[in-house]
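Working notes for the structure below.
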Amino acid sequence: MTTTTQQSALHDPKSAGGRAGDKIFSGITLTAGIVILAILAFVALYLVIESLPALTAGEGELANGKTSFWSYVGPMMVGTLIASGVALLIATPVAVGVALFISHYSPKKLSQPIGYVIDLLAAIPSVVYGAWGMTFLGPLLVPAYRWLSENAGWIPIFAGGYSQTGRTLFTASVVLAVMVLPIITSMCREIFVQTPKLHEEAALALGATRWEMVKMAVFPFARAGIVSAVMLGLGRALGETMAVALVLSPGVLSANLISAGNQTIPAEIALNFPEAFGMRQNELIAAGLVLFVITLVVNMIARWIVSRHKEFSGAN
Amino acid sequence: MTANVKTELENKGRSRLTVGQKPRWTWAACLAGSAIVAAAVLALIGFNVAGWAVLTAVLYVISMYVATLTIENRRKATDGMWTNLVVGAFLVALLPLISVIWTVLSIGLPGLLAPGFLASDMLGVTGAVDQQSVAEGTGVLGGVKHALIGSLLITLGATVISVPIGLLTSIYLVEYSRGGVFSKAITFFVDVMTGIPSIVAGLFAAGLMMTLVGPGTNVMGFSAVLALSVLMIPVVVRSTEEMLRVVPNELREASYALGVRKWRTILKVVIPTSISGIASGVTLAIARVIGETAPILVTAGVAIQTNWNLFQDWMMSLPVYIYRQMMFPTAPSAPDPSEQRAWAAALVLIIIVMLLNLIARIVAKTFAPKKSGR
Amino acid sequence: MSKRIDAIDLNVYYGKFLAVSDVNINIEPKSVTAFIGPSGCGKTTFLRTLNRMHEVLPGARVEGKLLLDGDNIYAPGVDPVAVRSNVGMVFQRPNPFPTMTIRENVLAGLKLNGKRISKGDADAIVEKSLRGANLWNEVKDRLEKPGSGLSGGQQQRLCIARTIAVEPEVILMDEPCSALDPISTLAVEDLISELKDDYTVVIVTHNMQQAARVSDKTAFFNIAGTGKPGKLIEYAETSQIFNNPQEKSTEDYVSGRFG
Amino acid sequence: MSKRIDAIDLNVYYGKFLAVSDVNINIEPKSVTAFIGPSGCGKTTFLRTLNRMHEVLPGARVEGKLLLDGDNIYAPGVDPVAVRSNVGMVFQRPNPFPTMTIRENVLAGLKLNGKRISKGDADAIVEKSLRGANLWNEVKDRLEKPGSGLSGGQQQRLCIARTIAVEPEVILMDEPCSALDPISTLAVEDLISELKDDYTVVIVTHNMQQAARVSDKTAFFNIAGTGKPGKLIEYAETSQIFNNPQEKSTEDYVSGRFG
Amino acid sequence: GSNNPTADGGESAAAGGGELSGTISGGGASSQEAAMTAWVDGFRGVQAGATVQYNPVGSGSGREGFLAGQYVFAGSDAAMDAEELESSQDQCGPNGAFHIPGYISPVAVAFNLEGVDTLNLDAETIAAIFTGEITTWDDEAIASQNDGVELPDTPITVVHRADSSGTTENFTDYLAAAAPENWTYDVVEDWPEEIVAENAQGTQGVVGQVTATDGAITYSDASAVGDLGTVAVKVGDEYVPYSAEAASKAVENANPVEGAAENDMAVELDRDTDEAGTYPIVLVSYHIYCNDYADQETADLVKAFAEYVVSEDGQSTAEGSAGNAPISESLRERALESISGIGVQG
């Protein structure tokens, strides 16, 4: 039985053909990765090159009248972070709640249609969100702003008056929250339903209530996914131009959520790019680059948090 | 003996298992109480319906918690509270949806139903035409055919580019890379790209095409396709990656053990298992880019007539159409027709995304795991 | 700390499919009852109705009464959570929480009660439960490692430890030893004998010897054919089932002459 | 259609952790070999090295040689897929494909590899494999239903059917009967005896009787303590292992006097 | 699909005989969009085979695109500076580019005040209102110029443009020239951020905001102000309400930009003029063309289109659609002369 026709079975030509399939496929996926890397690296390169004049500009060379680039983007950076931060603070709990509702709380028959309805939120173009925020939501919130200003004015973020039109950073944040909600919900929902039945049952059999089961089996399983979903949402919130440009009544940074003022980087770009040329364009693109860096830092932190618990991945 | 137990139970009428439970009408009492208290509180500082609803809801959650806590125990109270909050989250999410949809429907529906809105473009529609139709009260002329076709072509193009690339890349990340430098680099760039302001993507695409085909000719649908792809790819990669990661390893092992090649395992086992999530992710990505305004404006320009060619001449798209009509009416002194067209176009856009979503779900359903059993 | 269980005309459905029909059974407190029967006859299904785990599956439902110390756990208004914290369960397939460490897995059920337990007490419980499941020696040095890195048998014993840590009144075990080596099996059987002093234990097993060794009474389930519901054929003292069964099919099954 | 297996100085690692060390074993073609040993001693781990499934886990690796009919399957350039299509495997935990029907699950090995087979052939294979796994009668009316709706034992038999459908030369079974009732167990044991005529069969089992009943040779693995590697203690004719073991620990283990 | 444009004045062709064909692209100021739509449509009636497309990306991007060769003509709210003119030689050959005032529009100061349709204000008062020094409508400075008008004590809400805007630039230019005491800020496209006020994106945005807010005031392209009240601006000794003629007159009397080429019609408006009947807050939006194009076909098309735009027909078509002010006869003559010089490079 010992054979000398070396490795006949393990190296047969048919198998070699199949192996080529494997090679080709992994090659294709690798190529796709390289393509993405190339595209994205190009974008980054483009941004850096276009930003350099603004980043290296000396005093008096900037077209926006500011002494330095950082005194120009600094306040907008803060504005952007506040707007998307508040948006995420609002959207994340609601989105996770909705996802849970769909995956574990709603009657099984309803969960599909409900998921569909929530996905509708993603179908609405940002211009429409902008118009809605400007004409409907803003004025609707004015009484609340008045109340906050009168009763909670001692809190810095509510200090210093309120907007008559409701076109404030908080309104913008709410609009952003509504826009990122479907992104987070949809991804969380898909992951929640993947929670192994085995683990859900393990929790229930221990006498866990539904909520305890969710805490024990669903959330740990979905942790990485939730973080990713929130990061995608954050990306959308950080990068949203048109809706913020329409909703917000921008101005200098005041960090006051309920009065006019403050500005975000994407809205600044959208509002000023059309009339910009030369150095002004470089400044705006450089502002875009700054936004990149912010996104990157936040994402790296998120990845780091997820990777700390890699050993406990849900796929095992 | 069995009969014995039966009668024993019947006689008792209630059981130890239900002892100490809050009465069934607790929720109604709490709701009514909350509503009254909320109304009373608001009466002091000025009543309004929205505030009343919010306050009632908050009070209801709290009072149910307290009631359950006192009558039953903390765990049930906590569980009940989270149930209320989860349902509440859903209701809260419905509010903006209903509001936006109502706004779009009420303003946009008449425009959508106007004869020829879907079948005509804006050729020949000038401010004078709009002024006339306002003055004479006749129907609004002009439509979205050109923008509809533009949007569909551009989005289709972007999807054709981004979905395979994004899907394959996430396969690479999940199945092939073993956490090497290269996969870290991809992850790094994908992360950065998720936050790219859309207009920057547009500028990049316009600039890239300018160097490739020269100025002037670079304004075309395909440039917009590129811009949208840059925006779409990270969303596809990141959502697909997540969906692939939660596929149980034991399924992969089962397949390998049958002598199935890795690539077939991926295509036939891993992807079908996660198809519903992938489909959702792709639809989301499409929904995200199909509504983009700024990047299309700077890459594909604007047009008043239908263009079927992605590689030549300017192209209109729905979001640009909506934005221009809304912010820069055809007749500045008579903006109503433009506004009507804008909201009707928004409605068209929403319907398209809904249909896409529906298709994705059907696709997902066809391949998805047969849900049943342990 | 133990309960009696009485099933009255219990029918168990998966959607429209009647999986187990018409079960009447009385399980005494502080006893060990074994369920035996061919694969697919509904042992697992019936076992899961005893702590209302059955209804967790979509479309699954139960008709009839199931009394726990005389209280119908399927009566309207009964909270399944309360039932389940009284009736613990070990599954056929080991299912430790992959995101928790071994230690956390053992304490998972206790944590639910929200009672603060001192680290010392917790350590004691972890050790006691793991010893009870005969796993202590193997994992005592890696309590902080994930539970999913254990071998199949280790995982199953971890699940047993997790269940006994909460000290329920009834313990249901669905083939707890099927993945275990003889030594661990022996340990678990010893554990069952010990548990019997305080708890009511119900165990599904395919192993006749095991059923004979550990149980006081044995219930034999059978199924007439595919698509037919499983039925409780015979329920009696274990010795009687194995030595002097009343039904022909029981005799065939326990003597291996079946089918 | 059968192969001999020779392991030479085989060390198996999970990352840095040496799980099984220094195994030397010769498994004859057309024979049934049983692996026995206490839980966690590395039976599964070693079994998985026989068809290169071990390396699927991140960080897992193998040192030494493993010859399949004299060809080292760990030689550079060897295609693990070729190895696996020659060496089939049934896992400890049943894992049918959730996206597939029962029928598709049985045909998975063929269909996933893109082989075209006529409907008639496919039907024949499905029936033959399901009969072989003693599952045909239970599922013949619901072949188009999802495989995940079966009972635990049914799922396991489905996995066996799936494996024999591809007709490998060596079949590895990791506790294939642990979830099965005696009748199905008997059927699978019969199947193993049949398979032996054509294939080389390796089986992990915790059931001494089973090992004694079905295997020609038995390998006893043991582990000195936690964190220590598992070792092959004794490998001989089954009758010798059970009646006249050379090692003290083997004797202790097979007689249940262990630990 | 067919939209039946009843107001298509294409028959009375002003230039050409309808034998041209091809496509030319322009881009730039969004303020010109409405007028451009009318011109593009009208030009189709004159030259059925020719297509003009215009991308309203904004003046800055339009000029940038023109200089990069992306557009063959640009629309811009501001004239190119010397540097830009010089770099235009890359695309246009040594003779560079030139400006034509294609679109003239008065910038109205519009407000929303119950029962008040028009107010008389001088430049100082306007500046004081927009800088936030005057905060209520019944302020003495306003009342003193408006005898007989019942002014409420409503607070004034200033609404300005959020985006970079040629309108803002023209408006601040007027304030800086006519009320240097009160307007201490620069002439800017972006509203000075030191002045905290409400704002909105685009002409429609500010008009919408003012319409929705009682007591609000803004500046906006006059064509869009709709039913809002407007200010008659003090020029010399009289108050001049905005009108097409008054705006046109302001451009007529403007001075050419210093050092401009002979055919370049970029102008420096005289904002603090005393000339009767002149409305000084005017936005001139230029069309920028090359003196010489690379090929004959483009040159012919551009020439024909440029001629159509300034023609009587073109200007009245735009007025009918966009509500801007048509250029005067003398401006038209000068413009046609400049346009006639368009030729081919080399």
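When the chains are written out, they are named A, B, C, D and E in that same order, and each has its own residue count from 1.
In this section, a contact is a pair of C-beta atoms (placed from the backbone, for glycine too) under 8 Å apart; a residue touches a chain by one contact, two chains touch by 3 or more.
The structure presented is a predicted model; accordingly, all values stated were derived computationally and were not measured.
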Intersection of contact partners for subunit A and subunit E: B
Required minimum of steps from subunit A to subunit D, each step between chains that touch: 1
From subunit C, the most remote chain by mean C-alpha position: E
B-C compared against A-B, more contacting pairs: A-B
Distance from subunit B to subunit A - Cα centre to Cα centre, in angstrom: 13
Intercentroid distance (Cα basis), subunit D paired with subunit B, Å: 47
Interchain centroid distance [CA atoms averaged], subunit A/subunit C, Å: 46
Subunit D and subunit E, separation of their C-alpha mean positions in angstrom: 84
Junction residues of subunit C, two or more chains touched: 58, 81-82, 93, 112
Per-residue overlap in subunit A, given as positions that touch at least 2 other chains: 18-19, 22, 196, 198, 201, 209, 212, 221, 273, 313-314, 316
Multi-partner residues of subunit E (each touching 2 or more other chains): 30, 57, 61, 201, 205
Complete list of chain pairs which touch one another: A-B, A-C, A-D, A-E, B-C, B-D, B-E, C-D
Residues on subunit B engaged by subunit A in the complex (per definition of touch): 45, 48, 50-51, 75-76, 78-79, 82-83, 85-90, 92-94, 96-97, 99-101, 103-104, 164-169, 171-173, 175-177, 182-183, 185-201, 203-204, 207-208, 229-230, 233-235, 237-239, 241-243, 245-249, 261-264, 266, 274, 276-277, 280-281, 283-284, 287-288, 290-294, 318-319, 322-323, 326, 343, 346, 349-350, 352-354, 357-358, 361, 374
Sites on subunit C touched by subunit A in the complex: 51, 53, 56, 58, 80-82, 84-86, 88-89, 91, 93, 95-100, 108-109, 112, 145-146, 148, 159, 162-163, 166, 168
Subunit C residues touching subunit B - in the complex, by the definition given at the top: 6, 8, 24, 26, 57-58, 65, 67-73, 75, 77-79, 81-83, 93, 112-114
Residues of subunit A touching subunit E in the complex: 64-65, 134-135, 139, 163-165, 167, 245-246, 248-252, 260-261, 271-277, 280-281
For the subunit B and subunit C complex, residues of the former touching the latter: 1-2, 5-6, 8-9, 12, 15-18, 21, 24, 74-76, 79, 371-374
